[in-house]
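The structure appears below as structure tokens.
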């Protein structure tokens, strides 16, 4: 029967994204001799770190049963702030001030969604617009730049290396690991899964639901702050709309990683796979000399096929039972 | 054991709610009892009763009065025509989005569909095949554009139906992919309508109404009737309100949802065609972020993201609210940076008020 | 007890023969036979997971059987969709309400088959005329244009039933119809069933409540583990025989008469008021006793439990736990005070269905089961193993998502979750709702056992036999007030019924 | 709702004052492309407002289309509705604005197009155009590239946001002139950088992986050019690579000073804004204004940069 996956088969199908990932890696390796080189792989890892770190935070929000679309303009906000303050008060103050301000925005999200229980899609959509306005008002619409690009230790985060590995890769890897550990082995992680899976039952189990949701938004904001440090340091400057559209790329990566938008299920490590998948598609197609819009078409197909396989494996049949 | 037949019914929480004379749950709970008692008789007035149940129109009225007072140019027939024409773009898509969202789905790909349809509408006119058709060359172009929209909607709907993947994800992918198709088709260039008759259409007026506004209002009426009076429309509520019940009742949920996706595809395309008549051209970046504004308008109009609830009258209110806010802020020269803040804040504020006043009874549990 | 109706020697309205249905890894139905005669009430019994629901879904066209035949009025049929089944005159009234809340009653009654005019328009006149006629026949107080969301649960149930009457029904299946009905509403429902029966409609009646089955049915068919176990004449059998057929052994349904060894007063409530749910409530519970709260749905019992668990804010009153006056503003505080609540709705309030059995069981204390900052998997598994053995929970592994377990085992997970907290006071709300006889009896035994171990237990129930069986004291509630308190020795059924129906009680309002 | 009202009222108090003006001043409305997307446009806006404030007889209404054609058309309608004396428009799209400009023309409101020109079909309906010539800028860049490479080499190009007029025109001017002037310079690939430095940096990194030899990089503006430079510096391959941009930004100017950046096209948003306002005032004063007023955007290279001030943006 075509629409019934064999009982033994799903093991591989359940890893739809992994399969797709491997298929793409092989295809790109065959199509371009530049693809599977240490330089290129490192370069892609480094490029994906910014989106990746944000996606880690959003994954936790989504597992908790909510969405965060405001991360795009929040990234613009944080980057403009940290870059602008760098020359005014020095990086050692600029970074904590930026984190404080970004966490405040996260707290606003957390308050509206966690405490007031407003719909997260609409709230963060509204915040996307509000924060974009705030950035523009703060900077007056001007680009900000760091004048002394060579001399500042701020360069470490985006351009430097730790033990010979580019700092963004190290930071992304470490954060992925830390969040993976938090989500799988620490009480907080368990609570996020519970709240996302069944908020009512969580409350009946004595879990402070509001506080948990609130915290997931703080984590998301924290990740945006880290991403902003890497971005600001990498570019040594910022535009006001630098994060525009990132929210959707981040969400696409989270979805590709198999995290359910309904909450309660998903994994931080699989989000890393989703992030890398998107980054490699982008990189591989340019290496093959394809025009930029091919990556949109390919991403379209990949998102649908990967999520489809995921869903199909869970229900045990390929086609949906909807009549 | 025989059930005692002397037992009287006693169910304070679950008793049939009186349909007409109650204030919305949230108001009953928030207001002091005396105030609530005083307000309640006002509900005898059908207009007030209607407004209480359609709070977005209260907001529309407030915005209307506010701008009429503070701006010299707002209260003018000509400006109202402008507002209607300006809202028609978002408004037409919002009609389709209401159907899709009442169904419990969502469509994020409408902005890209709009751009592709506009590109077709403008480009096909200049195909050599139709060179001798004169002004009639517009007809096949528009038809083809609308078909493209319907086709893309059908594709989205079909994927949602057959794969069972959430519509949010399917259309998020389509949003990227269809934009890719736009760039493939246009080769990054804008298309320009050679025939001025095409762009003259947008300047056409029928009586006091610009043609574009008229089309928008007629479509609004048509979709309102579709949703409230036809079997398909009622099934839309059934599928969104309780999908399992709809399946059990023998409604073919898959094809049903696909039809609604085709309808929104049609409206996105129509919106693209009308927009391109206003420009006499089509640009590849047309319609970026429109999906977000459309969803905002529909949600402001009271449609629930979870499905099963919402109507066209509310959506019209939501669309007009955004249109008037934008128009009024333009007329008052509000700096662009503040417009973002105001629109975002209003969206959240309306959501908050809606939650306070229209929340369903949860029995006061602290959850 | 209903009069014996002579079974007409006609063709059965419906006959299922050798129905087989398999799911990946499970044989849900294994050659099941079942028949309903016109004008007969045929009860279908079995423990949860015995295959009743699957059988009914096959009957209603929602599942396709892998083998066997369905014969309706002498003709073999295949039903690919629910609509086809409905056209054949088979109507299923669902256990969980299958209504669209935002639509009118009339639209719900004719859902999927709204009468049409030209251009696909709904023919409202015909719709309302037809639905009003049906609602009138059901003696409903509302009309077709009422919005379903505004109707009471009982009236919503009526809408469900009205659906069955839109077609010329040959067979109507009632799946646990009384789960959410008050006794008064049950009476109306039974009248309707008898009406249908008199009109020659075949009725399939599924329920866990023996009293209803013996009141209504003519024959009883029992399923166990997806297999047909036999059909009995109701008049010629008794509860014992049926139970034995269902669970393969007989049950001791008598009350445990060991006298309670009472300890100190653990929980004391005085003048607690939380309008409009309950007013001036006062009672106390001692260690080692089970106090039953009995009353109608909505009488305020659940609200009291919620208030004690910090889920409701009260206007006035006093709560004392172990002699100390306390305020409880959140479940966290309640838990810290040693109060546990097994909520009435297992799936919505009790469990996170996609989480594993172990994770569900340790959820309230996961922050305490740590080694350093990490959850200690060993400690969790130890707790899980302990309560799995103690409560005889049947699950292959702690990794199993709790959603795949049977209702009884799910309920035991919830109970285990709260027992593992070592509470002073254990509140159990409707502990056996929707649970089969076998598990029910085990849970009753468990509650008695807990009391014997010195727990203070509060049991809230709408089932009189349950309350009578497990309680040392019974608190009767009516309309948000406690009307009477009985000790186990003095209570009589009549007195209890009176106490919960407000007879002889003066209500100040 | 009252909170919102108060917020709006507070915002409007100041604005109402700004619009209340005496009858004999001229009212000019401007709708810009996308303020805030880069410093050029923001500086333009500030310079424009400053210039208008300096002139007591001018009253301006400043709007921003946020890069959305449809919103710009609405804003044109709103400005016509207010019966302003003249409209200055910075088209989001040169072709899509034609009917809107035509409408204004019909209403007798003169339209001045600024910065990037409107499509040919619209030229009949505008009073004047004032701004840089983007095609010419592309040509200048091609000439500089050719000169720097001595007529032969392999280059890559990073363009602005795909589908927008400025990006398209600069690319067009560059491609045509390069092919004509030095056919031996090979363009390896063209990818967009979306006017975004980080994205340009990412694109350049991929180019560097893909091509062993890159002699030159042309970027649609200096902001992206500096991104490309950053990528090359990080890869240790900037040595001997020629970076040429357009719209000289301060970061580009500094890089040029350090000798890392070869050249760009100098374009001052202040000049741009002031020219637009002046053109509008000239038109209103009834002067005979030429239709196309291109202001000069000279080449700026390491050699002649001393002649230019450091850009303020």
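Letters are used for the chains, namely A, B, C and D, taken in the order the chains are written, and counting of residues starts over at 1 for each.
Keep in mind that, in the parts below, contacts are C-beta pairs under 8 Å (C-beta built on N, C-alpha and C of every residue); 3 or more make two chains touch, one makes a residue touch a chain.
Just so we're clear, the structure is a prediction, and the values are computed from it rather than from any experiment.
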Query - Both-way neighbours, i.e. chains that touch chain C and touch chain A - result: B
Report summary line: More Cb-Cb contact pairs, comparing A-D against A-B, go to A-B
Query - chain A and chain D, separation of their C-alpha mean positions in angstrom - result: 32
Query raised in the report: Where the centres are mean C-alpha positions, what is the separation of chain A from chain B, in Å?
Result: 30
Report task. Find the geometric centre of each of chain B and chain D from their Cα atoms only, then give the gap between the two centres in Å, rounded to an integer. Result -> 35
Query raised in the report: How many Å are there between the centre of chain C and the centre of chain D, using C-alpha atoms for each centre?
Result: 70
Query - Per-residue overlap in chain C, given as positions that touch at least 2 other chains - result: 81, 311, 330
Query - Sites on chain A at which at least two other chains make contact - result: 136, 141, 200, 203, 291, 293, 323
Report summary line: Touching at least 2 other chains, the residues of chain D are 35-36, 162
Query - Interchain pairs in contact, sorted by label - result: A-B, A-C, A-D, B-C, B-D
Report summary line: The residues of chain B that touch chain D in their complex are 58-59, 62, 66, 70, 72-73, 76, 78-79, 82, 85-86, 89, 183, 186, 188-192, 199, 202-203, 275, 277-286, 288-289, 326-327, 330-338, 342, 345-346, 349, 353
Report summary line: Within their complex, chain A touches chain B through residues 112, 116-119, 121-123, 125-134, 136-137, 141, 199-200, 203, 209, 248, 251-252, 255, 261, 291, 293-297, 299-301, 303-304, 307-308, 311-312, 315, 319-323
Query raised in the report: For chain C, which residues are in contact with chain A within the complex?
Result: 24-25, 81, 309, 311, 330-332, 334-335, 341, 343, 348-355, 359, 363-364, 366-367, 370, 373-375, 417
Query raised in the report: Where on chain A is chain D touching in the complex?
Result: 32, 34, 37, 39-40, 43, 46-47, 50, 136, 140-143, 145, 147, 159, 231, 234-237, 239-242, 283, 286-287, 289, 291-293
Query - Residue numbers on chain C that touch chain B, as the complex places them - result: 60, 62, 81-84, 86, 92, 94, 98-103, 107-108, 111-114, 116, 119-122, 142, 146-147, 150-155, 182-187, 211, 215, 276-277, 296-299, 303, 306, 310-313, 330, 464-465, 478-480, 493, 497, 500-503
